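Chain nomenclature is as follows: A, B and C, assigned in order of appearance, with residue numbering initiated at 1 for each chain independently.
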Amino acid sequence: MVDFTLWDIVRNLLLAARWTVVLSLIAFVGGGLVGAALLVLRLWGGRRSHAFVAGYVQLFQGTPLLMQLFLAYFGIALFGIQTSPWFAAALALTLYTSAFLTEIWRGCVASIPRGQWEAAVSLALDFLEQLRYVILPQATRIAVPPTVGFLVQVIKGTALASVIGFVELTKAGTMITNATFRPFTVYACVALMYFVLCFPISAWARSLERKLHARR
Amino acid sequence: MPVVEIRGLRKRFGSNEVLKGIDLDVEPGEVIAIIGKSGSGKSTLLRCINGLETFDEGSLTVDGKPLLHDDRAAMRALRQRVGMIFQSFNLFPHLTVGGNVMLAPELVKKRGQPAGAQQARLLLARVGLAEKFDAWPDQLSGGQQQRVAIARSLAMEPAVMLCDEITSALDPELVGEVLRVVEGLAKDGMTLLMVTHEMNFARKVASRVVFMHAGKIHEMAPPDELFGAPKTPELRQFLSALHN
Amino acid sequence: MTFDFGAVLAQWPLLLRGALVTIGLTAVSALVGGAVGVACAWARSEGPGWLRWIVGTYVELVRNTPFIVQLFFIFFGLPILGVRLSPTFASILAMVVNLGAYATEIVRAGLMATPRGQIEAAESLALNRWHIYTRVVLPPALRKVWPSLTSQIVIVMLGSAVCGQISTEDLSFAANLIQSRNFRAFEAYLIATAIYLGLAIGLRRVLNWAGPRFLFGRL
């Protein structure tokens, strides 16, 4: 057994936490792009694309993220592609994030009064112009706080990527525990690091929310 | 040739038939006041004219062109000819007053910056709000917001303006300033179809008054005739209810 | 690409047992976690300053760390302090702790919505604090936040899939076991996922039905 000082533990965890951050950003940005595309599809498309997006959201919100990760991991292999935990985790988390973000944003768009659409229609704007110049600028304002808040869920979600072998903060914690037999200290440190990562974002989301309500 | 020509227009919401065969011709420069009980289909009729609602039967032409719901380009052309003012103003809260007025000309008519701003200032002056160009909608009173909405609609240079109870959401002391603007438009020869509860205004400004009842045009006549000698018991009852 | 769902479905007794364990874990932690939430919500809005601070810290700690880390800390970390926990018990404890924190915030939001006048009316009827809280303040608050609470319970149920990682014999554990026997990993997880989806939809229905009947009276 190697002698690990507390600093060794923290240092190794910090190094691994980089990958938590990277994976979170990939999922958040990728999920945002896919989510935006789904939003436009849902608003613009006909009955069928509406049902498709609703089903997509239901599927990702109604099943465990862990199972989604497993399915991505083993599903990619089915296509004869060499899987890596990296790719599977990025894919699964991106899809997962897109489902939640598209639903959050749809709610924001739905909260814009119908009169705004009607006024834009009456001024002869076409659908994309209505969306881009009238609805989205207003919806974006109310969408920012919950979107920032969801980033916390994404960061926490990346912890599950450890189960398919992606070495991020949680997986590093498990590995260090196996080497040091100090699970209490190690997992406490891991939890603390997630907290340090997430809490400021949660607090930021809350203050954005408050400001939004104050301006009304 | 009439600007708006409506023939046998029928509209259902599910099994509820709201418009039961409307025939109406509106000549250029006419001011049509539409009155009637709540639920008689006044709003629905106006909303059919600019395609906010689809209709089930009949035909509707604006400038001689039939309204085709599935033809995007035709609808866009139609809406440039038909402006609409709403009871709840519906100004865009994220744009300044000037921004509200300039948005549609810029996007739809591809009008550039200086020309668009110049036109917006002229229109705002016309509704008495020249100094509010840079103000935000939530800094204005209801009456001012409604006048901006009128200017915004005028910026598209419509041939017809539809007004749906545009003073109903206003405090009584603000009604006058909006009605004066509308009266000015009428004097300048704008074709207007307005749903209104302001009978005195209808009497003074309208060239014809339409009384809607149960989804039909129940009576239609110049204001003196319609208010002075109502022919049907329904209209008489409606008018006497107003006085009490 | 060939699929063999038959090989997985042949193990249906394992899947059924796993699903029942998942349901059991969820039921217990929903009840206890819900109670924790109600108690902490009261503590946070009515309790003394130090208690509010403790509850606030608990809520923030839980909401800003992943469930899997909470679970590992409880299962692997606590035994060092002399607390031995079975996987099942550790899972329930982690789920209760997790749901309790979210439920605290949800119920608290509902409490703030109870009109002051109702509390004053109850006070003028000489009800004591316990009765005011449980009979006057809580029922409308729960009714108001029931949809959020329902969603959170579903989220906790779905999150419990990681409990298989400490060999709690839940549905995810059954899927792991099946795929380790027949190497049909994709099929095993797909079927387990479908069962989770069914459980989520069913759980939502049950909670929507049960709330008005047993918790806060008919609307």
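Just so it is clear, a contact is a pair of C-beta atoms (placed from the backbone, for glycine too) under 8 Å apart; a residue touches a chain by one contact, two chains touch by 3 or more.
None of these values were measured; they are calculated from a predicted model.
Taking the mean of each chain's C-alpha atoms as its centre, the chain lying closest to the overall protein C-alpha centroid is A.
Chain pairs A-B and A-C differ in how many C-beta pairs are in contact, and the one with more is A-C. Chain centres here are Cα means. That of chain B falls 54 Å from that of chain C. Centres computed as Cα averages put chain A at a distance of 46 Å from chain B.
Per-chain CA centroids place chain A at a distance of 21 Å from chain C.
On the side of chain A, the complex with chain B involves touching residues 113, 115-116, 118-126, 129, 133-134, 137-138, 141.
Listed in rising order, the residues of chain B touching chain A in the complex are 50-52, 72, 76-77, 79-80, 82-84, 86, 88, 90-94, 103-104, 107-108, 149, 152-153, 156.
Chain A contributes residues 59, 62-68, 70-71, 74-75, 77-79, 152, 156-157, 159-160, 162-163, 170, 173-174, 177, 182-184, 186-188, 190-191, 194-195, 198-199, 202 to its touches with chain C in the complex. Contact residues on chain C toward chain A in their complex (touch as defined above): 1, 60-61, 63-70, 72-73, 76-81, 154, 158-162, 165, 172, 175, 185-186, 189-190, 192-193, 196-197, 200-201.
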